[in-house]
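Alright, structures below, take your time with them.
Note that chain A is present in both complexes that follow, paired respectively with chain B and with chain C.
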Partner chain A sequence: MTPEDRARIEARELTSARSGAAITAAVVVALLCLYLMFEAAMKSIGQPAWVKSPDEWWAWLSGLPGTADPFLLAAGSLAVLALGLFLLLSGLLPGRRARHAMPDPRAVVIVDNEVIAATLARRARLEAGVAPEQVLVVVSRQLVEVQVRPTSGIPVAAGAVQAAVEDELRTNRIDPLPEVKVRIAESGVVGQ
Partner chain B sequence: MSADVLAGHTRISTQALAATARGVAADVFGVPAPSVRVALNDEYGELALALNLPLPIGRAGGTPRRPLWDRARDERTEVRDRFIQLTGSRVARVDVRVTGIILDTSRRAS
Partner chain C sequence: MNQTPRAVNRTVLVLAGLLFTLAGAAGLALAAFPGFAGAWQRGAAEFGRASAAVLDATTLPGQRDSWLWIVAAVAMIGLVLLMVWWVAVQGKGRTGVFARDYYDDGTRGIVELASAVPEQAVKAALGGRTDIVSTSVTAWEAGHDAGLRIKVQPRLGAAPYRIADDVSAIVSTLDAALGRSGPVVIHLAAGARTRMSRAERVR
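For the complex of A and B:
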């Protein structure tokens, strides 16, 4: 497996596929073109048009607000706008999935962010000495947010929790290494 | 936790904290433990103890005790210190509500 292969496979797993949107767009455009070609052919062999001839379509399109039902027109415009936005954003946004890659000499290893969050939460709660339900970890691409609600009367050292979580991230060789933010809640939980 | 500490997790349950507070308060104020009611609350990450208990008063003719109010107020420090010593939890406040009095019968014998 060459590095290029590895990069390609990782990218395929880390970003969502655009094939669905691309296929839909291609099918819609192809059908539209087929229909227009069919109408043009009918006109060229002198047959009556199936729905409207190309000339009539142009006339209808250029005089558009015209006599059409305004509600139908508005609904159609919104649908076209939504479709356009969807296709545009599909093309421009990176489409990252909630996953991270882990380097491994023999295989491509991809981990869901929930799994990383569970690992970090376990480490953080052992470090802080609190119950599992007192720790909340959210993992995104660049940032790990750790929220700890201390037990009343037993202060939690934010620095120690931060160091432990960073150590856990390094141990698991998460790539790219996210930044860690630890927040200790002001109010605590009585007992455990 | 550093590496030389044995791996594991220690927890003190709410019931244990409440029972400890009840025992300490009963001991400090000199009342039977079942007559003490304890509520535990959170005070910005530290513990707040609320004690509801009757206080003993001396009978007429016995050695005069300090006023109820002063005892209820001043012995809170003692309750807090002993509670901290036993449980290791930080206590930010101790509220005492005197719900009644107990006639001190121990003087009658003498």
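For the complex of A and C:
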């Protein structure tokens, strides 16, 4: 595996292929084309049209908005606009997946953010000395948010939790290293 | 690791997205602005006259309609086939053959290793571990050597680096045993099974 191959595979693993949007677009365009093909074929062999002949469709289209119910026209246009924006944004936005990469000499290692969050939550919980239900960790690409609800009467040191979570991130060689934000809740809960 | 043509996906999505967005915006503008509707009807009438002239010019003597309709129908069939191809190549590239070589010394023939060979080897190596909920291994076309994708679901709270290092070591052993070194992806994934199963005990 050359470094270029590795970078390419890693980039592909970390971003979405947009298969869902591609299949949606393909199905819509294929259905439209099938219908147009059918009407064009009817026209070319001189048979009566199925729904409307191409001429009638053109007359309808060029007569808009007088030829259609204004409410239906607006609603249909909105639906088409929404579909178009969905496809356009799918094509333009980077589409990052909720994953991080880890360096490894042999393989490309990809870790789901949820897996990282679980291991960070375990470490933060041990550091703060609270039950699993009192810690919530959210991992995104550049930020790790740790929320701890301390047990009533037992204070939790935010600095220690922060240091522990950062150490756990470094130990797991998460690349690039996200920023860590620790929030200790004002009110405590009854400990388990 | 699959062979989805991502550049094609992006390009066609942008094109189709632009078309649908413009059509939808034009429809909304027709419904909302009478000024735009007037311009639209004048432009459409102009275009309709021009295309009617073209259709008349391409109608063969003795025929009722232009042969351009046949061309249009064939073009539509072509577009439909392209769309079918586009759907078919999404997620393509999975293979059942991990390695294949031709030998002509001694008994001549082809030796094939099914993708089940690395799969069973990795599964057996990881089988006894309590910090892993499930393992799946698939082989993918990647040039000469097949690529392996090893998807491991760690138990919630298990340290990712330990599992990654161990799986990487297993892959190196597998390279030595099978004499192949194609690309390998180790994916530590979360899923329904990890969420439903009990969390990793502290160690």
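We take it that the second predicted complex is superposed on the first by the 150 of 192 C-alpha atoms of A that agree within 3 Å, B and C clash if a C-alpha of one lies under 4 Å from a C-alpha of the other, contacts with A are read in each partner's own complex, and residues count from 1 in each chain.
FYI, a contact is a pair of C-beta atoms (placed from the backbone, for glycine too) under 8 Å apart; a residue touches a chain by one contact, two chains touch by 3 or more.
This one's a predicted model, so the numbers in the text were calculated from it and none came from an experiment.
Once chain A of one complex is fitted onto chain A of the other, the partner contacts of A:L143 are absent, as it touches neither chain B nor chain C. By the document's definition of touching, of the two partners only chain B reaches A:I154; chain C does not.
Of the two partner chains placed around the shared chain by superposition, chain C is the only one that A:V108 touches, whereas chain B remains out of contact. Using the contact criterion defined above for the overlaid structures, shared-chain residue A:L126 touches chain B and also reaches chain C.
When the shared chain is aligned, no partner comes close enough to touch A:L93: not chain B, not chain C. Of the two partner chains placed by the overlay, neither chain B nor chain C lies in contact with A:V51. In the superposition on chain A, A:G188 contacts chain B only, with no contact to chain C. By the touch criterion defined above, A:A30 reaches chain C but does not reach chain B. Put simply, more of the residues of chain A are touched by C, taking chain B and chain C as the two choices.
Judged by the document's definition of touching, chain A residues 126 lie at the interface with chain B and also at the interface with chain C.
Listing the residues of chain B that touch chain A in their complex gives 1, 9-17, 40-48, 87-91.
For chain A in complex with chain B, the touching residues are 126-127, 129, 131, 150-155, 184-192. Residues 1, 5-6, 9, 12-13, 17-19, 21-23, 25-30, 33-34, 36-37, 40-41, 43-44, 46, 54, 58-59, 61-66, 70, 73-74, 76-92, 102, 104-112, 114-116, 118-119, 121-122, 126, 132, 171-173 of chain A are the ones that touch chain C when the two sit in their complex. Chain contact summary for the complex, chain C toward chain A: residues 1-2, 4, 6, 9-14, 16-28, 30-32, 37, 40-41, 44-45, 47-48, 51, 64-65, 67, 69-70, 72-73, 76-77, 79-80, 83-84, 86-87, 90-91, 147, 150, 154, 156-161, 164-165, 167-168, 171-172, 175, 181-190, 194, 199-200, 202.
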